[in-house]
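Here come two complexes built around chain A, the first alongside chain B, the second alongside chain C.
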Partner chain A sequence: MNKMMKSSISLIAALISIVAGLLVGLGVMFAIGGQEPLRAMGILLTSGLPGNPEFGKVLYQAAPLIMTGLSVGFAFKTGLFNIGASGQFTVGSFVALLLGLVFKMPWYVCMIGAAAGGAIWGFFPGFFKAFFNVNEVITSIMFNWIGLYAVCVSIANIPPMLPRFYHPSGITNETAKFELAGNPGGLIPKIGLDKLFGSPYMGAGVIIAILLAVLVWVILNKTTFGYELKACGLNKSASIYAGINAKRNIILSMVIAGALSGIAGSLYYQSGVSQFGIKIELAPMGFNGIPVALLATSHPLGIIFSAIFISFINVGGEKMQQLEYSTQVIAIIIAVIIYFSAFFFLVKGFLAKVIGLDKSNVNAEPAPVIAPAGEESETVLIEPAEREE
Partner chain B sequence: MSEYVIEMLNITKRFPGILANDNITLQLKQGEVHALLGENGAGKSTLMSVLFGLYQPEGGQIKKNGQVVKIDNPNDANELNIGMVHQHFKLVEVFTVLDNIMLGVEPNKLGFIQKAEARKKVMALSDKYGLQVDPDALIEDISVGMQQRVEILKMLYRDNEILIFDEPTAVLTPQEIDELMEIMRNFTKEGKSILFITHKLNEIMAAADRCTVLRKGKYMGTVDIKDSSKEELSRMMVGRDVNFKVDKEEQQLGDVVLDVKEVSVASKIHAGNAVKDVSFQVRAGEILCLAGIEGNGQTQFVHALTGLDKMSHGSIALCGQDITKMSIRNRSKTGMSHIPEDRHKHGLVLDYTLEQNLVLQRYWEPAFQSSGFIKEKDIREYALKLIDQYDIRSGQGPVTTSRSMSGGNQQKAIVAREIDKVHKLLVAVQPTRGLDVGAIEYIHKQLVAQRDEGGAVLLISLELDEVMNVSDRILVMYEGEIVGEFDPKTTTVQELGLYMAGAKNQYREVEQFGVEQPKESEVSQHE
Partner chain C sequence: MSFFDLVANIGSETVLFAVPLLLVALGGMFSERGGIINIALEGIMVVGALVGCIVMITLHEHMGVWSAANPELAMLISVGAAAISGLVYSLLLGFASIHLRADQTIGGTALNMLAPAAAIVVTWAVYGRGQTSINFGNVAWRRITLARVGGDPETAGIFLRSVFKSMYVTTPLAIILLVLAIILLYKTRFGLRLRACGEHPQAADSVGINVYKMRYAGVAISGFLAGIGGLAFTLAAGTAYQSTVAGYGFLALSVMIFGNWKPMNIAGAALFFALFKVMGNYAGVIPFLPSFEGIKFNAWIYNILPYVVTMFLLVLTSKRSRAPKAEGIPYDKSTR
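Right after this comes the complex of A and B.
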């Protein structure tokens, strides 16, 4: 009964959190005196549903989110906070665009290049953490800016990456489209999905992201490598005691997290949805990976769903503009909904307590089970949660 | 007025599916030391949590001086003058001793703390009961013994009359234990009543007036200590006879397994060496014990031996191979098993399951992985085998989160892992710390079995009973040096004590005869 109960509690808790978020979001709309709040909420909630033209957008926008979510989540699992996903995303994007626009490489070579670029950008914070115990958060933030400036300067100074190179009236503040550069093969294949979903940017990207999420799950849960990485994250002293090379694992963990963010850049720009703009603004995609990972408690398969959920809310939010809601107000409403979704665990814990499933005992010692008469030898101990000192 | 200051009558506390306290009665007389005895998981802590209002019992009542009282939270308990020294101290590490004592009941005028007033009261209490503390030292800088005195002063500062000590001796040296017993006697002379939770029978025999025994959540009875014996108490607690003497076969000495030559380890807290020029050998078929008071370099030596830290001088050979510069993994492969001192820091990844922890030293072996993929089935089978063989009890077997297991079973899991792994040398550091007699007996048997099968065991222990009972040869360590070698058959606890305290040295003259020098942990505060 326990497993059934637990999963139904999770489901109820998820529904309560989301409904609470929607209600508060609705409250915000009423409070600011927005146009027809109920209709706006309806648009927010239905635009991204399957069958609507925007459903494709939900999916192709989810693909890079899955990747940055995986990047942050993977690092979390190994005890590191990768706030550098943005920089890794930017460097990855640059390498993909460089290979695609200048060297006219096929899409998969660009993608591998992006992974390598992100990996290099993840290596530095990992290296400094492992050998000099410099907090990875500080290094990652600095590398976000170093990456951004370096990439912008490079793109501005590599003419074949800019539209002006191919057409005299082309602009110079963003990169050229793959078609313009004469390398449509640099775009991720559509494999008919663009027609199926009625969206020109829909392609194999989301499938690649989901496959990579499964791969990350396999690495973390089925391999000795993942076993070592998680052990280092959960208890570094015990891993060192067990002969695990903690320094190597910290670096590898950041390298892999960086590669995942790099692929996010490839999935985003090689879908054709947008061109890399030369502007001094950190890529938000990297930071959006943080709530994606947190909502899924860093579970790689959960990240697929949390990324789709956040993409769904974002797409619905964009559609609200037709009722003259400003993008800032929409951002607040989306933030409120995501914020409340994070209450899921609180609600779940509360429900479990009310129903009495929570067996946590404030004692560090377990209490014994007294077996029914006649089975006295079958004494087993229950599991009290140890109180953290 | 009732004869009893506190009575817990017919207390029943149920957790889902289990009965943690089944109709338990505990009556504490004014001015007595009352021991509460039971194995890990017998329900002692649950009973105390009920007394402190952390749990509401399903049945029974609590009386103070004959009046029924309701205790809903720890503040109610405090108002009834009940105080407790927890096993794991509840102190703010970066606060001073004085700040910790007055925390929560700071004397103030218009919101300004009156520290001088608090200091006066604390020092008066300190003098009156012989509880030496430095009021301005930070908690993180003082020894564990002094931290405990701070906890005791906290109770006194709050004018508590009923003092509960939860396993107070687990962290103390033999000398500190004697001091504590003396302090407890002073309290009872003052009319204070003491509830003493423990599973160490010697201490109960030495300090307690009466003893209430629990077993598996049930009340086994209350006995007068003067009419009882160690054997009777242990039978009541465990439900069977416990063998205090360890049976050993005739010793069959084999080849040298561990050869330690002139090892020195630099101290992390002062300029000198924590371990100074230590040399010894361990041979197959013997249990060599490194005895000493905590903080005399044993931890640093073990860290150098097992590769957790570097040594500054000397060399170590295992089975003839030089391992001085070897990685931890390679030392393990060469034949070293290590039961670490701190089971939570080093011994276990607490958030891993039991089965994941059982392969912590072996997950990379072909038996448990193939081309990098974990063989879940084989690990499960292996875990079930160890759980069965070593009687490791847990809620859900191999998939139990290690954090939720009791300390004794966590330790059993580590012992099982380290013994079952192929090894020539077993380094066991305080393998029975904090365990009950049943588990201690079990672990001692395992160590002796290692020896009888021709293995070499290096035991590092602070418990003199354990040192005398289990080992074949004893080395005493004092201030990082080996100060003497003994045969447990011909030496006495008293003699070992003199060497452990630095009053004697087999290899050189001791200048300040009988004067105990500051220990490593206490030196730090002066620097």
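Right after this comes the complex of A and C.
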């Protein structure tokens, strides 16, 4: 199978997952009744299209999703499942807001700080995995909660971060706006995009995210470092045998993944349209990075498009509420998409058979690009040899 | 509050919160001993608690007299509904990861995201639009009181009083299920076969054990127990179900790892974790703990405690930690 065919089969598999998700969502809407499920689905699928005022919001929310998607995808490439994007996003947001609101730093300093904050939160799972062999999934989930509680307590107890500090009638359950704190320079520049798109949501954020996606693609595909990371993901033992420092690569991969999620927080909250709310609820932005990465099979450039898609149905879902359907229907659709992506490789093998490209056994598919933990990929790789017996 | 009252309160609440952890961690153990990583425990708990609460309230509203007369039976029906719904939901994970050989972690994550969303949609559908919580505070028969078992609350000693302070049918049930789990895992043919499938499925298959069937059984048992655990958590946590179990499914996973995939160790680990959770609630009145007065949301500082302790323990015990060898690897007959 050549490369072109392979990627088009990936695309078809992704589309199958999406259609399955949308059908289940439609089924749910029919099942719970309410008015006009079909019209609701129409709203869901059209309100985020270019030309509508919501399009700016789609691109605005796509920017952090690209980053969390890159974060999850980058870790996948090294054979790690970064379910901690949510906590890294939260800690990154906190550092960005702290630097911007309290220390009045310019926006790029805040963004670098956010990357550092996320990187620290990514370091721990990587470190524990590399040196103590503690499953990174468990650690990441723990750090999601630790980060969330710590950030909420910190923000609530740093008065200059709250509107009440600047105005006696200000609220205390979310962070102050940058203008209110006297630091409009902390906002990511709009560079005229808000006027061009006619939406206050638009700014340079999405452009920064796309540039970073290209940078990640270059790192993964054009550098020795990226090659080593991918080698570790495909077969840890083989890469150690080849002289690659697997421990270092696991930690670095999680640190970079964390930094990418941290920047997502900066892109989301340094926009001037969203404020950080103090509540105990894990940031959905981090979890939505998982379907973004899965739909694109972790390809950095594909992630740009899958992020726009996930943002698109989220924005459509908000509009859908006017017909009295809960936005949870969107969460169900996304969950079903992930569920179907989990057996992407089966779907792909099936497709290859149907198209007739692959005459061999479905089981003889090469090792998945999204290899889970180290041990699993080893088994996948030794399969063909065993079968020859 | 006197010192004895404090100890008694902490003791009874520790048991209360250890029960869901124990049940769910035992569930995770059965699944992983069979070779399937069940990260969907959190979602299964949410589903089990949802169905359990709906059944409990339905019994209360439509068969109130009968339920009040037979509270244990009515509670057992609710628990049974939670268990069955958890089992059915867990089969989604089984289907994806056993038959379709999907990535178990990703499949489980999907189920975790699906459960709370579906629970809210169901809550809306059953109790009306905009309802986000199911209140069961007026279901008086859900608790086993001291009077019910023939004791006198006025004259009973501090021990009995604290035992029955928050006693639900799930507490004795959990102890029974723990014993059953030990017997099932170590003393039966099924248990031996299940463990074989988690260690070396190819070898198990070669002596005629149906690996797929055993793994389905492991996942189903985990769904059954996690469903009960979800209801047990919701009963322990308050008087309303809010489509969440606050990360307990994941804590249970760490309890399982810390308990080294062995039932008795898991029971000890569950008590230990619950103690740390409860200590946070009583931080203000425990003399040797700082209470962080003057800090807003100081209770949240102690909410971090169980997670930090978990991290420390996982790191410290990582050397002797021994996971089932074949867990996480989809079984492919052709690799035999």
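One rule holds in what follows: the second predicted complex is superposed on the first by the 308 of 389 C-alpha atoms of A that agree within 3 Å, B and C clash if a C-alpha of one lies under 4 Å from a C-alpha of the other, contacts with A are read in each partner's own complex, and residues count from 1 in each chain.
One rule holds for everything that comes next: a contact is a pair of C-beta atoms (placed from the backbone, for glycine too) under 8 Å apart; a residue touches a chain by one contact, two chains touch by 3 or more.
These numbers come from a predicted model, not from an experiment.
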item: Chain B versus chain C, judged by how many residues of chain A each one touches; value: C
item: Partner chain(s) touched by A:239 [first = chain B, second = chain C, both, neither]; value: first
item: Chain B versus chain C as contact partner of A:8, first or second or both or neither; value: neither
item: First, second, both or neither for A:227, with chain B first and chain C second; value: first
item: Which superposed partner A:274 touches (first chain B, second chain C, both, neither); value: neither
item: First, second, both or neither for A:322, with chain B first and chain C second; value: neither
item: Contacts of A:137 with chain B and chain C, given as first, second, both or neither; value: second
item: Touching partner for A:46 - first (chain B), second (chain C), both, neither; value: neither
item: Footprint overlap on chain A, comparing chain B with chain C; value: 361, 363, 368, 370, 379, 383, 386
item: Interfacial residue positions of chain A with respect to chain B in the complex; value: 222-225, 227, 230-231, 234-235, 237-245, 356-357, 359, 361-370, 379-386, 389
item: Chain A-facing residues of chain B, complex; value: 15-22, 40-46, 49, 54-55, 88, 216-218, 306, 308, 327-332, 338, 340, 345-352, 356, 360-361, 363-364, 369, 372-374, 376, 393-396, 400-401, 403-407, 409
item: Chain A contact footprint on chain C (complex, rising order); value: 39, 92, 96-97, 100-107, 109-111, 113-114, 116-118, 120-121, 124-125, 129, 247, 250, 253-254, 257, 295-298, 300-301, 303-304, 307-308, 310-311, 314-315, 318, 321, 328-329, 332, 334-335
item: Interfacial residue positions of chain A with respect to chain C in the complex; value: 28, 31-33, 81, 83, 124, 128, 132-135, 137-139, 141-143, 145-146, 149-150, 152-153, 156-157, 278, 280, 287, 290, 294, 324, 326, 328-329, 331-332, 334-336, 338-339, 341-343, 345-346, 361, 363, 368, 370, 372-373, 375-376, 379, 383, 386-387
